[in-house]
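Structures for review follow.
Each of the next two complexes has chain A plus one more chain, namely chain B in the first and chain C in the second.
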Partner chain A sequence: MAEYQYIGKSIPRTHETDKVTGRAIYIDDLKLPGMLYGKILYSSYAHARIKRIDTTRAKKLPGVRAVLTGFDIPDVRVGFIKDQTVLKRDVVRQFRDEVAAVAATSPEIAREALDLIEVEYEELPGLFDPFEAMQEGAPLVHELDARGRPLRTNILPLPWKFSAGDIEEGRRQSAYTVKDRVATTWVNQCCMGTSGCVADFDANNNLILYNQTNVIFGAKQRITDYFSKIGLKGKKIRVKNVVVGGSFGTKLDTDIYEFICLQLALKTKKPVKILFTREEEFKALPPRQPAIFNIEQGCDKEGRLTFRHAEAVLDNGAYTSWGVTTPSVMMTPMSSLYRVPNVFFKAVCVYTNNIYCQAMRGYGTPQATFAVETSMDRLAEEAGFDPAEFRMINRNKAGDITPMKLKITSCGLQECIEAVKEKLQWDEKKGQQKDRGVGMASLIHVAGGARVYKSDGHGIRIKVDEDGSVDVISGGTDQGQGSFTVLAQIIAESMGFTPDDVSFTIGDTSLGLWDAGTHASRHTFVAGNACILAAEKVRRQILEMSAELMPRIIQFGLKRRSRKDKDFQTPDLDLSLLSDPENLDIKKRMVYLKSDPDNPHYQVDVTQVLRQGLHVGTGESKTVMAEVFYDPPTQMLDREFKGNYSMTYAFGTTGAEVEVDRGTGQVKILKLVAAHDVGQSINPTLIKGQIYGAAYTGVGYALTEEIKVQKGKVMNPNFRDYQILTARDRIPVEAVLVEKGDEDGPYGAKGIGEPGLVPTAPAIANAIYDAIGVRINELPITPERVLDAIKAKEGDEAC
Partner chain B sequence: MIDYEYLKPASLDEVFDLMKKHGSKAELVAGGTDVMVFIKQGNHSPEVLISLRGLTDLCYIQKNSAYHIGALATHRMLEQSQLVKEELTALQQGSSQVGSIQVRNMGTLGGNICNAAPSADTAAPLLVLDAVAVLQSPEGQRRVPIEEFFIGPSETVKKNDEVLVEIEIPSEMGRFKTAYCKHARRQAMTLPIIGVSVGILLEKDVIADARIALTVAAPTPIRVRQAEDFLKGKPFEEGVLKEAGEIASSPECCMPRDSLRCEGWYREEMVRILIPRVAMAAVEE
Partner chain C sequence: MKKVSISFTLNGDTVSAEVPPTWTLLKTLREAFELTGAKEGCGVGECGACTVIVDGQTVNACIYPVPEIDGRHVTTIEGLADKEGNLDPLQTAFLENNGVQCGFCTSGMIMSARSLLDDNSSPNEDEIRTAISGNICRCTGYVQIVESIDIAAKKA
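Let's turn to the complex of A and B:
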């Protein structure tokens, strides 16, 4: 392996000092002169007709600058399939429906004004169960589609169906089959920073939107589209990030509150901020999509998978955001986690009067992997294999082309399974212990970009100033993951500079080149490759300048030195060697001669070259800069949802050792091993941080987290009743990095943003089974569910 | 809009004057870890907040002929007191599991009791320890056994002109082995699904006296006398303790309800399971 200066080194993050000392400007801190505060009035019913809205009293409250309802703004449809309006004026279809909005001189006044808005509703019956909503003759959540055509069903018109091979043939080849039903529920992304934005128009209605999106150009496009429908076509739009306190999927879509903020700012001609309270974050922010799966798998006598057949029903809620597209990503584990020749997967999304959903870390794969990996465990048992051995038999390998036509170019799944086995002492512990158990689950995820848009590109601009400082402008964003430390390492390594030389300007549509978004675990891979290409360009420019200038700089230096120091022996140098850029390279900001790298006389500080190149005194001065737009050579998924839509794929295995208290049903995690094929770690501390954080979220998904929705209403909109685990719960996570390198990754790196979360819940569920012999098919695995299952089993055994 | 006048008197007499002056418009606040949350949620909207934080002389833990704990002693003080840990173990365990360190630095024992949540972490230990609430008004003091103090969720016998000044625990209770179990979904910043406290007075291997108290098992924290009576005179052994758990979890003794946080059947089951465990833990301590 090549000897790197900065790759694989745990370089500390620098921006974080501002965060921990309170200097960083989050949306909460951002104040513009004259800024007003917006608040939103939500529906009081899950489903109702609005009969009357009276804003008279609210408008009279001192300090109130605007009160808007759906009658005050253009009734324009927005959203992923344009199935909602910004403010609802006829019918509300969920408790979070935005009915009115206020802008006032303080958030308290705005809040008080909401109480003065009178809305009269006529309650309508609600649909809260997706299976009921699917029934023929069920009342319709939406009567018309986006184009005004009548709808006949609550099932969304989305073609989520994947088929490869022949399921019936697979069944015939099976010696063993298992069939299960598993269910996952709503969970909130729980960002530390709540949602919010500041909309600021100039006198000509050109907009700067300060927000937290991780897809700045997507946001710009959605606002452009909205502007074109509300009479602001052609107005300039600049989307600019503040410091973001976590995203985890929440900042992928442009949310309704952002459109409301635009309208309040337009109406008042003042900057307006909307900032969610934690309660709003739970009630009015779309969470992870719940899904119920029926899954059937089979294998032959040798334990080789013969088929996988799965059908999913997803409660879509009343409207549609990115949550509805999660089945397209579920197809990856459904079709390609382990070698399985015959696959069928179908998902339907159903409108109900529940809350609607969006993206969350893992994007559908945690749900699908829970189904696949708990089923794998059952099938292993049915066929008489150790679950680890069963997974080894069916593991993916480099060189595979999966039924989805994913090209597996590098694969560390075997090493991940082996690492988990070793760290958990699997062979000694499996099936041995009373009330203690071990379990594992694996994952596959995109790790080399994800061509979900026609471009999966990322643009990088670099300039190198005469003092050797490197400014990089990226269209990407940082939602807390620290990728700009990683990218600085990549640029420093490629340029021969140091990471300290590199500064990033990010998250601004006016400065950055286009980027598909800091999503899909793609940033290190795609932006990293763009950085290498751009760094290579500027390095080349510096070397060409050096070839031209170095002989003179060195000669001049030698002369000066011999003048000052009478004893100085001028060395015998062949300066002609320096005039070919091919002979030169840069390391730690020194340009040196490759054939004699340790000779100090053949070295020049890069700033001398940069200065001399710039300050020439004629019309031939040069500066160093480069622009690169890198779009990985991948494919869009075709109509059958097949195609190699990522350059490479991440694999990983999580192993859990648990102890179950048979009296209370409580599950204690004794050890969690998260082994991940990361290709090559750029920054081990940061990559482990990603894995730990994701694993904790996965443990919450497995054991404690659940948005309780009763008849459409969120019942636990706070951290007291929505139980994320705390530091006191001390989940011992050990991250194992499998580094075999990936030929297409930047220095061999693969994406790791999401994977850590994905296999956590099924690994824990499988460990619980090993401990007590009962399977919990529903998340979260609460003490009640465990105790219930233990009692049911004891009852069965007693009979 | 949230708006109130904040007053911080320096003496009890001043507190009484202010309470008289502002009447029902005023609310007392000690650590504020409950009151401020209620105000923020819009459940309480006092016009005047009378802070007791100026009454620094109510911030003590003492032992003479009895244990005396000032109403303004914080949970953190109780948690860190060696005396409380060794002699009033259950109370130390209860206090040390309230919220987080930040919350325990602010929240007080008096506040926890006067808030009268069915889930209060110090309530079951105080019931087990036969604590007495000392209430003071301009007319004088009265002493109420903690068992009679709670009359409903958020309701106590404390009158509007009274201030809880002290919790007193009889010195003989120091001879009991006590423990508290907060059964919760996570280890910090949470409320118990069920709280169980047990006190055992052992003479040789026989249970000479016993106390069992539960939280979240009824509208108020409760003692379970039937189970206590059953234990008295019995040998300290697992079978006996399990029987006490059966008695305590029966409908005559507790009536846990279904709530968003937990279903009643599970709470009832936990009373049954945890009583013998907590009794064992108390004695093993």
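Let's turn to the complex of A and C:
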């Protein structure tokens, strides 16, 4: 392996010292002169007709500057398939429907004003079960589509259907088959910083929106589209990130509160902030998409998978955000987790009067992987194979092209499975312990960008000033993952500078070049490659400058030294060697001669070169800067959802050892091993942080977390009733980094933001089965479900 | 609304303010003193993002009635580094060991840890976990937070 200065080193996050000193400015902390505070009034019903809205009393409350309803703003449709308006004025279709909004001089006054708005509803029957909603003759959640055409069904017109090979042929080749139904539920992303933004228009109605998006140019484009429909076409829009208190998928779409904030700011001609309470975060922010799968798989006598057939139903809720697109991402594990020649996957998304959904870390893969990996365990048992051995038989390998046409260029799945086996003492423990068990599950995930838009590019600018400071302007964002440190390491390594030299300006559409978004675990890969290319350019410029100046600088230095020190022996140097940039390189800010790297006389501090080389005189002065737009050479998925849409794919295996209390149904995790094929870790400590955090969220997904929705209403909108893990839930988690390098990754790295979460829940479910012999097909695996399953099994056995 | 006068010690300085009696300590710190390190993550004392130290004890500033603060000693995240700006060992350890990711819980988390270390200079893992059990974090899985606190304790 190459000897690196900074790659693979756990460099501290000193770029983010403001976060440990209380100085970092989140949206909560941002205050503009004259700023007002916005609050939103939500529907009181899951489905109702609005008969009357009276805002008279609210408007009279001292301190209130604006009260808006759907009658006060253009009735323009927004959203992924334009199926909702910003403020609803005719029908509400879910409890979180935005009915009115207030801007006032304080959040308290705005809150009080909401209570003074009178809304009269006529309640309509609601649909809360996607299967009921799919039935013929079911009442329609939406009567018209975005173009005003009548709708006949609650099923969304989205073509989520994948087919490769021949399922029937696969069935014929099968010696064993299994068939199951599994269900996953709504979970909240639980960003510690709640959602919010500040909208600020200038006198010409040009906008600066301070927000938390991780797709700044996507947000700009959506607002541009909205502006064109509300009479603000051509107005300038600048989207600017503040420090973001977690994202996990919530900042992918532009949410309704952001459009409301724009409208309040337009109306009042003042900056307006909307900041969600925790209760709103649970009730009015789209959570992870629930999905119910019927999955069938088969294998031959040798244990080779013959086919995988899966159908999913997704409760879309009343409107459509990114949750509806999760099936397109589910296709990756459905088609390509393990070698399976014949695949069919179909998903339908159904309107109901429940809450609607969006992205969450893993974006559909946790749901699909729960289905695939619990089914893999059943099939292994049916066919008489050890689950680990069964996975080894079917593992992906480098060089594979999967049924989805994903090109597997590097694959550490074998090492991940082996690591889990070893760390869990799999062979000794599997099936051997009373009420204790081991289980595993694997994953595949995009790890080299994801061409979900036509451009999957990332633009970056680097400039170097005469003091050797390196300023980087990136179109990306950071939501806590530590990009400043990781990209600084990459740039420092590529330039021969130090990470401390590098400063970042990110998350600003006016400064940054276009970026597809800090999503899909793509940032380290795509931005990292852009950084290498840009750093290479500036390094080259500095070397060319050095080749011109170094002989003179060294000569001058030698002369000065010999003047000062009579005993100084002027070394015998061939300074002509320095005149060719090819002979030079930079390390730790020193330009040196490659053929004699340790000779101090052939070295010059880079700032000496820059000071003399930049500001030369009329017509001769220079600047050191580079601009790179890196768009990986991947493919858009075709109409059949096939194509190599990422440069590389991450693999990993999570193993769990659990203990189940048959009396209480409590599941205790004794050990969790998360082995991940990361290509090459840029910063091992930060990579482990991604894995640990994702694994914990995965444990919550497996065991405790669930938004309880009753007839469309969120019943547990707080941390008392929504059970997120705390530090007391001690889960011994070990991260194993498999580093085989990836030929296309920056220094060999693959993306790792999401993978850690993906296989956690099925690994735990499989371990529970090993412990007590019952399968729980529904998440979360609560003590009640464990007890019910034990009782049901005992009942069966008694019969 | 009639305001109340409060006077207390804030990060070593004697301060006073006139604030509405309904304000919480968190709102007072953020609005009257412009110290925004303590965050409101839930507003009902469940997440710990607002944790500050009052007379040596951690409190959830978001549910602490401000009239009660009169005469007390308050330390916030802004008061941890010394006057020259040298970071508290906990702050350094969080940066070095990835105890911070998005950072939203960090102020409260570090204050809970500070209070622990003030009482117990060599806590074991259980004691660390108990001390921060009222501070919710979504990013880290607590692993590197616990490590950061442990390392800070050992270095001190």
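Everything that follows uses one rule, which is that the second predicted complex is superposed on the first by the 796 of 799 C-alpha atoms of A that agree within 3 Å, B and C clash if a C-alpha of one lies under 4 Å from a C-alpha of the other, contacts with A are read in each partner's own complex, and residues count from 1 in each chain.
Everything that follows uses one rule, which is that contacts are C-beta pairs under 8 Å (C-beta built on N, C-alpha and C of every residue); 3 or more make two chains touch, one makes a residue touch a chain.
Everything numeric here is computed off the predicted structure, so don't read it as measured data.
Residue by residue along chain A, chain B and chain C are tallied for touches, and C comes out ahead. Of the two partner chains placed by the overlay, chain B and chain C both lie in contact with A:Arg728. Judged by the touch definition given at the top, the superposed model places A:Arg111 against chain B, while chain C stays out of reach. Touch criterion not met for A:Lys434: it reaches neither chain B nor chain C.
Using the contact criterion defined above for the overlaid structures, shared-chain residue A:Glu784 touches chain B, although it does not reach chain C. In the overlay built on the shared chain, the residue A:Ala695 is in contact with chain C alone; chain B does not reach it.
In the superposition on chain A, A:Thr17 makes contact with chain C only, while chain B stays out of contact range. Contacts of A:Gly245 after superposition: chain C is touched, whereas chain B is not reached. By the document's definition of touching, of the two partners only chain B reaches A:Thr664; chain C does not.
Once the two complexes are overlaid on the shared chain, A:Thr704 sits against chain B while remaining clear of chain C. Overlap of the chain B and chain C interfaces on chain A comprises residues 719-720, 725-728, 730.
Chain B makes touch with chain A in their complex at residues 1-2, 100, 183, 185-191, 260-263, 266, 269-270, 273-274, 277. For chain C in complex with chain A, the touching residues are 30, 35-44, 46-47, 49, 76-78, 80-81, 87, 90-91, 94-98, 100-107, 110, 125-126, 128-130, 132-146. Every residue of chain A that touches chain B in the complex is listed here, in rising order: 108-109, 111-112, 663-665, 704, 708, 715-716, 719-721, 723, 725-730, 782-784, 787.
Only residues 12-14, 16-17, 19-26, 28-29, 189-194, 243-248, 277-278, 479-482, 685-686, 688-689, 692-697, 718-720, 724-728, 730-731, 733 of chain A touch chain C when the two sit together in their complex.
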